[in-house]
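Notes to accompany the following structure.
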């Protein structure tokens, strides 16, 4: 048995010298251009950050590549952001351009700062997860290829945070993103009655269903469960606890899009994202339907929102009816909540627009 | 057998001549002074309204008295408002003052218009209802004696609508009032096991409980139910369907106060009233604790709200923490929702005041 | 609580004349109750309705919803009011010996 | 699905070595499973834990919560990891022939 | 027997008109009213109600309209041993001629305690306190006088409407005609309970909602308009001249910032697409601003008090509907709604609660309405979507 | 065997860096990575995942940190028959020196597919794909290199923190020190699952919340201040001079109208009692406006994704708490919370859901906190109150 419970390396060994020196004593910052930050310390010291995009799913050789850059220009230090971007840090202004050049050589876009689209928080998808109703990395790639310009520039009204989760477990802050792309099933679980009794805890399985759709099999001989079709909304929570209830389906699986969430407390309090497109098919490798509608929404937002107005703030101001009108997304029964807190979403006023 | 299904008299026989003539053709109005409205029709005709307060619970002789006034000055017509006030209508400006005099003679205050406190919508209480956790008419009387000045004047920031319900059935728009006074029980039902089986539908009784606190009596011999004490919040809904479960209690019954509701769609959409004082004792005949706190709140509101800002709009602007600070009402666990939609009331942001 | 002679036996009733001792109900009791409800003499139709109510109540411990009552017995509401001028709740349920309805019927 | 010889009989197991035919579980099977989990030879303590898990599972059809397990058996979590280096879920439940835990334990 | 009522007497004092004086007035002619004073005093001492649970009494052919009530101290107060109330339909808008009112007074002096509520909080004339024996004769006399009973139990309640076109310049619908028409249409539903629970209709001529329909009615009809509101710039200038602070008191309070104020030219501009017809600017500048011309109603559904699942406000069902006599479209919609509710509702489940339980999508299908964004404040946040 | 992967290959094109290229790079050295390409292609064709449910594998003495994964097409892709991931704790703030990073690369090249996620969305270094046999040796080598596993299962997850004092001028707490300290304190809770479900801690230095803690953490710690923010009027004038529209872009966007702008004197005035410390004015005028001096943290609780009862945002538990090492008060509170949750929670019930189920009052009592209005947006509307 080796070591245990040693915890992560202490960050103090990881931060560059200039950070160590000015730790906690920063005064202000500015964004010099997309992807380049300048932080100034009380001491007068400067720290330049070059932020570069990353596909997140990377090889060790990729990591070695960026280590080379860090060794060359950053005294062997670098960091990652909470959205997977790579940050090269240096106190030396002169090194900024060379770092940018080096990043470009590696094929990494510099940007992701300020009022633009940063990297897309995402998840495993068909690359690793059993639960996935869609893939993740390819959609992110397809989207970022198209939104590329918004990454390397800062011309949106405000930050626009995109996230993707390959199933409704929503690994990531998907439920509070300006734009959220979520893998969804639309067929009920196919139960393997043979196996279920042996490999699943039946009470746990029954309790897992948010809508109470799961009951014991009416035939007491059969140690299994049944699903009430009209109550099942394909959340897959039963599958999570019981492998004998898969719901993946090549036609039934696809993507839903949510919009208008945010996390920061700036101006408006944090908000959840809300359903705007109930279903789009899985269409590998580039999911054109998804890419197209996302682009459309971003454009409508860019055109209509006011400066420093996040997606959700804009929608709140103009009203959801206006959002649907401007984006030309059809409004359907799926948009209307029918889960536990549904009534809180009903319009209990005569105030509305056309 | 007499007539049936004749319905109410047609209002056309009830409206005065000037109304008939200008029906649907009014142009504008103004409030000449508290309790006196002047409506002007497209035709140029005028309609003067004198609004007078009423205790609602009145004798037929009272009605005859006001009929006398109407006969004398209003061609035999009058109306009541949706808040029980009496309105004397006349096209003749000259008659306004005599009507006011006549009302005063009858002991009726003229007012209730504009930015003041109108009559209190209320209910039966101990005068007639089996369900009452408090009385109604005496509290209204005690309150209006003290708020009198706000009825005959228009010096509040906006309309302030007070309502009272003697139990949480809330007969009236109590749940959406600027200030709502509600009778509450705080002891669980005392079950009459002898009778329950004979006079109550047990399944209906069980289903009536919003928190699922009612179960069948564990002893199968006893045709009755039991109540889980920790789940019962004394709503009395079981009593409504099952007379064998009374919860009235001279010490346990009392009053809760809610604030900040509104109904109109003007400016902010309609809002529910929210709990501000969880419990005050029943203290007949004048409920001094209730009167005092209501007066205090009205004064704090009068002092702090902006013009045309309803109670709830003001509180929303300054924040509930400020409301509690200014009114010095202690904040307790009872204020925090723990019913079905509780989570919607939690503060999911770092934004707050001190 | 008041007592009344119904069907020849003494039964406890409430102020509205609903019997408080459901076990004592029988045909004779029903007929005497029908008298108080202007529903006497009881025709076959009366009995059909009363029996439906009783059977339903004994099975489910609740009175049926009006819609159910009409559907299952085939009488529309108008007809029921003709048979029991007090209506299904006050009239028919009382005769059937059910607890005084607080909600449905 | 793979088969394994456990306690002298052939039993279906999944990739992680959890048995898929709970009815075939017995003491010998358990001991062979314990070998795969570095928990062999099984002491009295091992058996106490395994038996508790089995009894609980047979009664409630679910594995107990860890807190419950510790409280009821008297072993704290550290001790359990000493007995079953794979831990209560991977180690002890496997030996006890329970379904592969997805949530608790 | 005349009781001492010192606590109750205390309430004769003070400037607000006293209900105790009224009971005493009635007590001069009615033993029941006299006993009622004693019951009040007793309740003041005991701090509980002295009325027994429920009571089912009524008149021939009706299932409701009377609230049965019995004293729990009949020995002490024999004259209120039974003390039922009759709920009597009011004329639309609570308009009366004195002839009609006096008739009611006479009937009630003859048959009851002489005490009334003008009005009950649903809107009925409440005749407060009589005996079982008097119910039918009282009803007969009432109908003779042209009045009928309102609803109680699992029935439709007396629909109400704001004063509307009779006096108010803002109404967008003929509230009084509509309420009269619907009340006549649904006589059977008012008088013969048949549903899972009660149902209420209330009608306001504009979004000010002077009958609090949104909060209290299962079926809420609110007048509104579809085009742009109308601004008379001369009128605006008049307000400005009189020192009315248009910027602070109107423009800044518009919920959607739909108004623009030019301090210099004293011009008030509307962005019609941003106006949500909240009424505020109209309310405060009635001589200059008026509702639009394309008038009709917003139909809402589901308002109610807290029992059982918490209070609900009505929510938008049909954003805009033309509302002309004979109101066929509205009536058909209402019947469809009731029918679906009656078929699917549980005991004591209001229609709003049923919609919540089974989901809007099932409800909309049943009543043949297409989902529109105006029905909701915002789309769902959860991913629990049925297909 | 090298498969044709035409669909996957398509994703090598385009300006954004390609994960496919990365898999291909790894595939040069790893059979597993090569097979992974084939699995992707297969999934693109079949439009379903080809990974089997779950898997419980791990290292000695730990209950989590490894996600077991098996292919459902092992015959076709034998090199990913088992393809487990290790979750590895990142250093606070995701800061690395290249030495440490290169060590990880070497370990992973030796024991796994050579593919990683930098980082997982909880914040771990994700080592993507290895076999059961390699787990223990890989772990041994990792700890040798100074790294440890993160959490999985019903355990604490690797806590994360924003870059904070390392670079950001706005932080009110020492996010990195705190996250390091808490992570070390709770090693046992991370490595040995024991609870009803997972639990997460995230720390942001200010209300901008750059680690999205409010949305994703059961225990959310957000830096804030208690006194007034600080305005440097010279700095303000500078912004004005540079043409920054302070009125429109800052003052008008303050959520509580706590700022007043005097266009003439270019003076920006704060009403401190109205400021809710939303950060907006600071964000946009960092050279002129700064957080106050009385710094500390708001402790929030209950954030989570939708499963089971719908997503929750964290809500305020302690409006303000001083947060100095050794963070005793915070640690004690966290332990109290976990203990109560562990005792009362159902399987797969996060702490926020438990609080919802049993009510705040029971929770607050259990963790010894007094109710304060800052915990709620608004008091209850319903009358269903326990006493």
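Think of it as A, B, C, D, E and F in the order they're written, each chain with its own count starting at 1.
In this section, contacts are C-beta pairs under 8 Å (C-beta built on N, C-alpha and C of every residue); 3 or more make two chains touch, one makes a residue touch a chain.
Keep in mind it's a predicted model, so treat the numbers as computed, not measured.
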| item | value |
| --- | --- |
| Touch-network distance, chain C to chain F, counted in steps | 2 |
| Neighbouring chains common to chain A and chain C, by label | B, E |
| Contact-richer chain pair (by C-beta pairs counted) among A-F and A-D | A-F |
| Furthest chain, CA centroid comparison against chain F | C |
| Copies chain A and chain B touch via same or different residues, half shared test | same |
| Mean-CA-position distance for chain E and chain B (Å) | 12 |
| Averaged-CA centre spacing for the pair chain F and chain B, given as whole angstrom | 48 |
| Distance from the mean Cα position of chain E to that of chain D, given in whole angstrom | 66 |
| Distance from the mean Cα position of chain F to that of chain D, given in whole angstrom | 34 |
| Residues of chain A touching at least two other chains | 1, 168, 170, 175, 204, 210, 235, 240-241, 243, 265, 270, 272, 339-341, 343-344, 348-351 |
| Contacts with 2+ other chains: residues of chain C | 18, 62, 85, 100, 102-104 |
| Where chain E touches two or more other chains at once, by residue number | 52, 54, 60-62, 188, 207, 214, 222, 255, 277-278, 306, 310-311, 313, 347-348, 381-384 |
| Chain contact graph, described as a line, ring, star, complete graph or other shape | other |
| In contact (per the touch rule at the top): chain pairs | A-B, A-D, A-E, A-F, B-C, B-E, B-F, C-E, D-F, E-F |
| Of all residues in chain B, those that touch chain A in their complex | 265, 269-270, 340-341, 343-344, 348-351 |
| Touch list for chain C against partner chain B, complex | 14, 18, 20-22, 60-63, 85, 99-100, 102-104 |
| Residue ranges of chain F in contact with chain B within the complex | 207, 214, 222, 224, 226, 255-256, 273-278, 298, 300, 302, 312-316, 319, 352, 356, 359-361, 364-365, 371-387 |
| Residues of chain A touching chain F in the complex | 1-11, 13-15, 19, 23-24, 26-30, 39, 47, 49, 53-64, 67, 70-71, 76-82, 84, 86, 89, 106-109, 121-123, 125-132, 135, 137-138, 140-142, 144-145, 148, 151, 168-176, 204, 207-208, 210, 235, 237, 239-241, 243, 246, 248-251, 253, 261, 263-268, 270, 272, 282, 284-286, 307-308, 339-341 |
| Partner chain B, residues of chain E touching it in the complex | 7-8, 10-11, 13-20, 22-23, 25-26, 33, 36, 39-40, 43-54, 60-62, 67, 69, 83, 85, 89-102, 104-106, 108-109, 114-119, 121-123, 128-129, 139-140, 143-144, 146-148, 158, 160, 162-163, 165-169, 171, 174, 176, 180, 183-184, 187-188, 191, 207-212, 214-216, 222, 248-249, 253-255, 277-280, 283-284, 286-287, 305-311, 313, 346-348 |
